[in-house]
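Quick notes on the structure that follows.
Letters A, B, C and D mark the chains as written, and numbering starts fresh at 1 in each.
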Amino acid sequence: MSDIQCGNGKSSGGVKCRMSWYERFVQPCLVELLGSALFIFIGCLSVIENGPDTGVLQPALAHGLALGLIIAILGNISGGHFNPAVSLAATVIGGLKVMMLLPYWISQLCGGMIGAALAKAVSIEDKFWNASGAAFVTVQEHGHVAKALGAEIIFTTLLALAVCMGAINEKTQSPLAPFSIGFSVTVDILAGGAISGACMNPARAFGPAVVAGYWNFHWIYWLGTLLAGLLVGLIIRLLIGDGKTRLTLKGR
Amino acid sequence: MSDIQCGNGKSSGGVKCRMSWYERFVQPCLVELLGSALFIFIGCLSVIENGPDTGVLQPALAHGLALGLIIAILGNISGGHFNPAVSLAATVIGGLKVMMLLPYWISQLCGGMIGAALAKAVSIEDKFWNASGAAFVTVQEHGHVAKALGAEIIFTTLLALAVCMGAINEKTQSPLAPFSIGFSVTVDILAGGAISGACMNPARAFGPAVVAGYWNFHWIYWLGTLLAGLLVGLIIRLLIGDGKTRLTLKGR
Amino acid sequence: MSDIQCGNGKSSGGVKCRMSWYERFVQPCLVELLGSALFIFIGCLSVIENGPDTGVLQPALAHGLALGLIIAILGNISGGHFNPAVSLAATVIGGLKVMMLLPYWISQLCGGMIGAALAKAVSIEDKFWNASGAAFVTVQEHGHVAKALGAEIIFTTLLALAVCMGAINEKTQSPLAPFSIGFSVTVDILAGGAISGACMNPARAFGPAVVAGYWNFHWIYWLGTLLAGLLVGLIIRLLIGDGKTRLTLKGR
Amino acid sequence: MSDIQCGNGKSSGGVKCRMSWYERFVQPCLVELLGSALFIFIGCLSVIENGPDTGVLQPALAHGLALGLIIAILGNISGGHFNPAVSLAATVIGGLKVMMLLPYWISQLCGGMIGAALAKAVSIEDKFWNASGAAFVTVQEHGHVAKALGAEIIFTTLLALAVCMGAINEKTQSPLAPFSIGFSVTVDILAGGAISGACMNPARAFGPAVVAGYWNFHWIYWLGTLLAGLLVGLIIRLLIGDGKTRLTLKGR
């Protein structure tokens, strides 16, 4: 994650960016699509094929490790978001050019649909429908909405913090960032898989919803995650960002 | 964990510290509060939502990976303690200014209460009370106290050693420190979750105790962990620290 | 994985390669044989000894962590493939000399047979035959072939991408590559162990097939994985490789 | 693991070793004792407290992650062996001075007894004796000895290779070595916990044997592991070591 500046909006001082138009604008979107498709393919299958004896361990490890490794191998090209809420937070703190936000979102949502469709294509039909195609079905009644929404906000906050502090905010950048981010997904699912599904990613919600045609309470996974993306952007801009990123409290 | 010197008490020789008052004193406390809240939120939920088929794997992985990733993304600002016993050990070996110990403790305990309260807010009431809000209920009789206290001392020793040797003692500092520390929590829970609860952290004990109003044998998790913090400080100062940290046996 | 250039086909500009003939040609093959034998020994035993209560977690963690660690300790000598499909992808993107492909394949297949034979030697006979010696028996009917073949192609794509992007393509090389690659195997098994067996490696399929004499639908694990190796080579050469690796879209 | 040369026998060319006698000879032994005690304490408890629903996952993760983290935090002082068979292999390839081998062995065996005794002290008596104090009881009949001995040899070969290639042999040294070594223990237990117990460490066998007074087939865990230590030393010295370590095939 050392040379994402050029393709990602943070042009470093005197260094002239010599990447081609293709590498700055097209390749990052291609990579967000490819990575989102692979991540959501693995994620959906780990839910569809989840065994009865291991609780949430299988989806927790599959989602987290898959996200971590895909960021490790593709993050240097696109920043490694694979998640519209994360791209929103990155944009707020200056880690992604505003003009790239919409192309990233479209790439991530297309990736989500491709991943979910491939998961449907290779899984046995019975298992696929038993799991509602890995769409989020945890919330079944209105009384449960507030808790699920609150949970999604906090879970996504941890994930977006892991991306923004581990891979963008210079003072806290770390070579371990890919797996820090992946583990934030793992622990969120271990903590709240049974509360809200621990989605944290509109593309992960959207893809299977399209493929399985399941849209109940779908809005929770957009509202909660995008609110968290905004919240993390503000926390970093106002309070915990480094001198370069923080907008306030910069005096000596 | 490379530039924690300025905010953390170890001012390196000739390098002049140019961080602002906010970055040296307020931001570390804010980050300790935020990190403790997120860590204890995840930890409590992983206990409240723990499934019947996976033993202690779910809380062990959730606590350990959550602590590891939060240290990886926030450690460069505050040193990444999120634990009063760890802050005590760090103070003893010179990794935290004495004047920052009390503010750190207050931040960590407030974070613990916030994390536990958020865990209560998003979880189903039945599950919350079945798990006593993730307060430590392992010790139920006086005959069990000595074993639990001894276990907490040894478990916390491993955790505090992982922080002090992996992230502070210069000769053994390593970029893997965040996950070394996280894994110390994971293995402690795998080894002793059923003996003492493997708390190792007064803030992790205090938050849920306040929220659930459960105080039986609560003192074990203060006495054992703080004793271990002192013990680790002494072992490093007297025996295994590097030439700079060790107070004795410095001759040729 | 920093100095694989000499033995592996990518001779870096002006640097003269001073490794001996033994180190350039024989040692890499020896290491591929040794690593494949150890990896496949662990992998087969984790299937033969798989317990009834933990779903696919045991083989998923055993295969993934074993591959990751063996790449970490031997990868600097041979590139760390241990898999004919990965060697094919590496050859296509210029990460392995064409003349070394066949020797690597032979080493990997011999390693596979040795590993499977050792697994047979140390396991109890009943358990060995109950698990068909860890040969791939998931596909039992013709109606299931298309799904299994498709799954193997996508799973192997993720694995080969992890190797080629994480360890060969310069822009995205990362010190975390060994465990990124290992985790790609773990998540593939978590996602699709029950669909196709999540083999992703002709040597892993071939060794146990020889030792157990089980050849039903064996061709799936050659065709699917090698196709994926080719596919990944093309994706990188045409679309997502860096300026040095990509053959197209190089203009400003 | 960058500056183990001084205390560990490999004095690098012109660099004058300025560590004190205490740091070169006493501290490494102290650290081997401390690390072995903590590792074996965690390991034994993870067996004594192993739940009925998670197969070998709990001991596999506890042993592997504990060893990995303890090497990460203490390895720079002593080389991070905590295992007589590993110290033997390190000595054969020049990673440990011959005169330090016996002191290391004594430290490791004392650490093993302390760790096992502490595990007994904190665990409930029933559980302790049900698990025979975590002594190795897998082999119960003479017909099983050959398989168990063979398994221990291969398992320990993987562990000793991980140490010698990942942390000592310069060409393949890697910052990931601590967790590579830890994961070798994890995968060995996942593969063979039910065959031989996957001990791989005479100190891990000896400590609980003393504390529980259980000595049946104890010799397997000395003979198998030490043979593997020798075997790994020879493989590296003769075949896969780098130009500096290898004794043969050095011509152009």
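A few comments on the model shown:
Going forward, a contact is a pair of C-beta atoms (placed from the backbone, for glycine too) under 8 Å apart; a residue touches a chain by one contact, two chains touch by 3 or more.
Computed from a predicted structure; not experimentally measured.
Between the contact lists of chain B and chain C, the overlap consists of A, D. Set against the Cα centre of chain D, the chain with the most distant centre is A. A rotation of 90 degrees, rounded to a multiple of 5, brings the CA atoms of chain A into register with those of chain B.
Of all residue numbers seen at the chain B-chain D contact, under half occur in both copies; the interface is built from largely non-matching residues. Each chain gets a centre from the mean of its Cα atoms; for chain A and chain C, those two points are 28 Å apart. Put simply, the C-alpha centre of chain A and that of chain D have 39 angstrom between them. Of all residues in chain A, those that touch two or more other chains are 53-54, 57, 175-176, 179. Shown here, the protein chains touch around one cycle, each chain meeting exactly two partners.
Every pair of chains meeting the contact definition is listed here: A-B, A-C, B-D, C-D. Those residues of chain D whose C-beta lies close enough to touch chain B in the complex are 3, 20-23, 26-27, 30-31, 34, 38, 41-42, 45-46, 49, 51, 53-54, 57-58, 61-62, 65-66, 68-69, 72-77, 118, 121-124, 175-176, 178-179.
Across the interface of their complex, chain C is touched by residues 52-57, 60, 64, 147-148, 150-151, 154, 157-158, 161-162, 165-166, 171-172, 174-177, 179-181, 183-184, 186-188, 190-196, 235, 239-240, 243, 249-252 of chain D.
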